[in-house]
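Below is one structure; the comments refer to it alone.
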Amino acid sequence: MAAAAELSHLDAGGHAVMVDVSAKPATVRQATARGRVTMRPETLALILSGGVPKGDVLAVSRIAGIMAAKKTADLVPLCHPLPLTSVRVELAAAADGAGVEIAAHVGTTGQTGVEMEALTAVSVAALTLYDMCKAVDRDMTIEAICLVRKTGGRSGPYERAGAGALSKQTE
Amino acid sequence: MAAAAELSHLDAGGHAVMVDVSAKPATVRQATARGRVTMRPETLALILSGGVPKGDVLAVSRIAGIMAAKKTADLVPLCHPLPLTSVRVELAAAADGAGVEIAAHVGTTGQTGVEMEALTAVSVAALTLYDMCKAVDRDMTIEAICLVRKTGGRSGPYERAGAGALSKQTE
Amino acid sequence: MAAAAELSHLDAGGHAVMVDVSAKPATVRQATARGRVTMRPETLALILSGGVPKGDVLAVSRIAGIMAAKKTADLVPLCHPLPLTSVRVELAAAADGAGVEIAAHVGTTGQTGVEMEALTAVSVAALTLYDMCKAVDRDMTIEAICLVRKTGGRSGPYERAGAGALSKQTE
Amino acid sequence: MAAAAELSHLDAGGHAVMVDVSAKPATVRQATARGRVTMRPETLALILSGGVPKGDVLAVSRIAGIMAAKKTADLVPLCHPLPLTSVRVELAAAADGAGVEIAAHVGTTGQTGVEMEALTAVSVAALTLYDMCKAVDRDMTIEAICLVRKTGGRSGPYERAGAGALSKQTE
Amino acid sequence: MAAAAELSHLDAGGHAVMVDVSAKPATVRQATARGRVTMRPETLALILSGGVPKGDVLAVSRIAGIMAAKKTADLVPLCHPLPLTSVRVELAAAADGAGVEIAAHVGTTGQTGVEMEALTAVSVAALTLYDMCKAVDRDMTIEAICLVRKTGGRSGPYERAGAGALSKQTE
Amino acid sequence: MAAAAELSHLDAGGHAVMVDVSAKPATVRQATARGRVTMRPETLALILSGGVPKGDVLAVSRIAGIMAAKKTADLVPLCHPLPLTSVRVELAAAADGAGVEIAAHVGTTGQTGVEMEALTAVSVAALTLYDMCKAVDRDMTIEAICLVRKTGGRSGPYERAGAGALSKQTE
């Protein structure tokens, strides 16, 4: 009962709803999410290799992440559709040489936040990276996708404890 | 050079292509992927709580995962569109009480595999679970999304080392 | 001639247009639509049966309806895309035991109304219910989809004559 | 328990699945569905009016229905994606002058049937017709959407009792 | 370096971003684009032929163009999603009898312009016309797709030099 | 009458249909289309400039073209949905230095051809290129989109008269 009230996407009867945000003002909102794809060092080396015009694996993943942010409301059933004002996706070799770190920054002027858009951008960029490298490394793992910070909205700013910058930006 | 050849989604010049699978026979192919959403025990308790007709959070996430499997080629730029023959998504409380485990099983009769469909189903089920619970726990993390096994296709079966069954199936 | 003018989605020459709403103010708008799926009592009994964790048929239909509301502009050629602020879909056993009643409530703050979003949500929830039960009952019929009421916008409120509440809400 | 087994989109535990059709042969399958939009005679007269290049309302609805057939698996959560081989949508003034009748014929060579594609085409053609005429008649009702017949597939042919031809084809 | 700055969809490092428009005011914006499909006179004659209820080829292309305008942000990776307030697509036989001219007019109240929506509507209307006539004329060519004018937004109005009206509007 | 018969997407009454291809065998089919974006030499120089990690404009356009090929049946109303087996998009500076040439090669094993998929890939790659460069050159024009060749299918191979290779491949 209390449970139903606390999980905002369930109504008093426990049924799924797209919650009513019509009473909220449209304000500037931003969110940053991050994650990583863990892989063998040789796989990372291939991605970064000077032998290929470097960047296409990362460039394709970046584009996939940006486009996915725009599809969030189509993927996540109870998400509100929002007119996004900015999307930026960064990919960087991890400092320990064992993977690629991904961050996504999304903004809107809207009645609800863009956490899900940022998390979706990271997730799909990671899936795309997996797809392009799976012929050489099926053991890659997508790890640690989380919200780093958000600003705007009634609930106030959020900053994840211990969240630092991306370790190194390769391109 | 070698790098470009090894990463199958890049042509000899390092440019992105959707690789030609026209010479491959259409065979039965299956893939299983898994992942987990780590959360506070109280958050898991809310999801499982007897106070609500339990299952809507899990039911919505399951549906979102199934529908996402069908959108994989729309999300992952170089994925081949495939007519899927089965999709099953399972969600279960983790044995340690600190999260929800997710598994997706996908099948097709096609010229290429369904690893990406299984991984996409897990990812979107996880995102949906995050969305429905974020009002009570913004610190949740999506973890350990990986391919567990695949069968069918020229490259032969794959089984991830150390992959066990889902710890417990709650619904 | 007059005809062309009266049907708002046709221009003076009778050709389809997405009508210009740029001069309309963005106001709060809501719409409710309803419909029903008629079926054999045994089929309804199966859906409601205590033998299965009841609700998955209804839960899946509810989610499908909510997601469809967000796709309305993609389905109905001359509909304006709108950022929805709320979507709620209810399913209930009909009082006469011969079917399931469906209602959808949609809201936006926009320059045009959400009647089509509410009607689309009901239609797709009904299609989904048909899909999940068709193995046992191909004779089901989707009936009486109509607009119940709308508020907001220049044309003023609308209330369908004789529209009552849903007969009984089962979940 | 038995219930779960009978409703094919629920597994033994009552959870939603996209059922496995991989063991079914790919055969030629066809389905026809129908429905009607009931309206005031004046509304029908406007649609058919000689004063406008007649047909645009019906032409737009027809196109919307055809395109919707292709989106069925995107709308109905547990539907299998299928490569359709034909889609035809007919709209005709009802013999009683009080509405428009709609029929959709869909074909595929696949492992599962196209009933849902035919029903979806009818539903979206009806919604589009409603959308284009709602400025003059908000009381229109979408009625009697049902499967008329299907052929192909293991369950054999189906013909709805009492289903006749469309009453009159206006364009 | 300077190059990266000038191409607005690349950040300082040359990477793709959806540029931040959150500081821009939402203003009324309009754009008109045009293009043509060049074909044999016999092909045009078939399209315009009195023997068929004229207009279905043009009607279908018009609808396809309108619907495509709504999908622009889904097709063009770095485009912002926008709630369009009007879309109009015109098709007309070219004055020289060797093709069909297409124009699209799109409006929004938003933080960024609708040039891409207008260009996308023209492109997809042209592709649809090609699709419907390709059985009789595979040599058709899509030509001269360009922005004719735009208004609204910080960069001020734009009018293409030498852009005149559509030569003749056939329907 | 004859006209209606000759335009394959219209039935005998002149109405739009998705033509029935169920009697056609599934064979290997390929199609190549091309087009160009004409621009000022300075704009091309910016795209190719050594000052930016060259290629991102071309890389994003290439990805957009590949993804659009998969959406063809969603954009072009009477196109059949097809499981594509290969998509390759090439972009190259024109020999005369006044634009970018685009070619798309698409393959399938299916019951109908992939001309529309190849043409759609070229069109959307061109639109994306326009989008990324429009801040510096609004006068760019999309030109000469046409089918170059196709193979497979009952109508036999087609080769456009005078079609040569892309003038120079820049990346």
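A, B, C, D, E and F are the chain letters, set down in written order, and residue numbers restart from 1 in every chain.
One rule holds in what follows: a contact is a pair of C-beta atoms (placed from the backbone, for glycine too) under 8 Å apart; a residue touches a chain by one contact, two chains touch by 3 or more.
In UniProt terms, the chains line up like this: A, B, C, D, E, F = Cyclic pyranopterin monophosphate synthase.
What you see is a predicted model; the values in this text were computed from it and never measured.
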item: Intersection of the contact lists for chain C and chain D; value: B, E
item: Starting at chain A, fewest touch steps before arriving at chain C; value: 1
item: Cα superposition angle of chain A on its copy chain F, in degrees to the nearest 5; value: 180
item: Inter-centroid spacing, chain E versus chain A (mean Cα positions, whole Å); value: 32
item: Centroid spacing, where centroids are CA-atom means, of chain C and chain F in whole angstrom; value: 38
item: Centroid distance [mean C-alpha coordinates] between chain F and chain E, Å; value: 16
item: Chain D: positions in contact with at least two other chains; value: 13, 15-16, 53, 56, 59-60, 63-64, 67, 71, 74, 77-78, 82-83, 171
item: Set of all touching chain pairs, with the criterion as stated earlier; value: A-B, A-C, A-E, A-F, B-C, B-D, B-F, C-D, C-E, D-E, D-F, E-F
item: Chain C to chain E touching residues, read off their complex; value: 11, 13, 15-22, 73-74, 77-78, 80-83, 110-111
item: List of chain F residues in touch with chain B within their complex; value: 28, 59, 62-63, 66-67, 69-71, 82-88, 90, 107-109, 169, 171
item: Chain A residues touching chain B - in the complex, by the definition given at the top; value: 1-4, 6-10, 13-16, 35, 46-47, 49, 51-54, 56-57, 59-60, 63-64, 67-68, 71, 74-79, 115-116, 119-120, 123-124, 126-128, 130-136, 138-147, 150, 158, 160-161
item: Of all residues in chain E, those that touch chain D in their complex; value: 53, 55-56, 59-60, 63-64, 67, 171
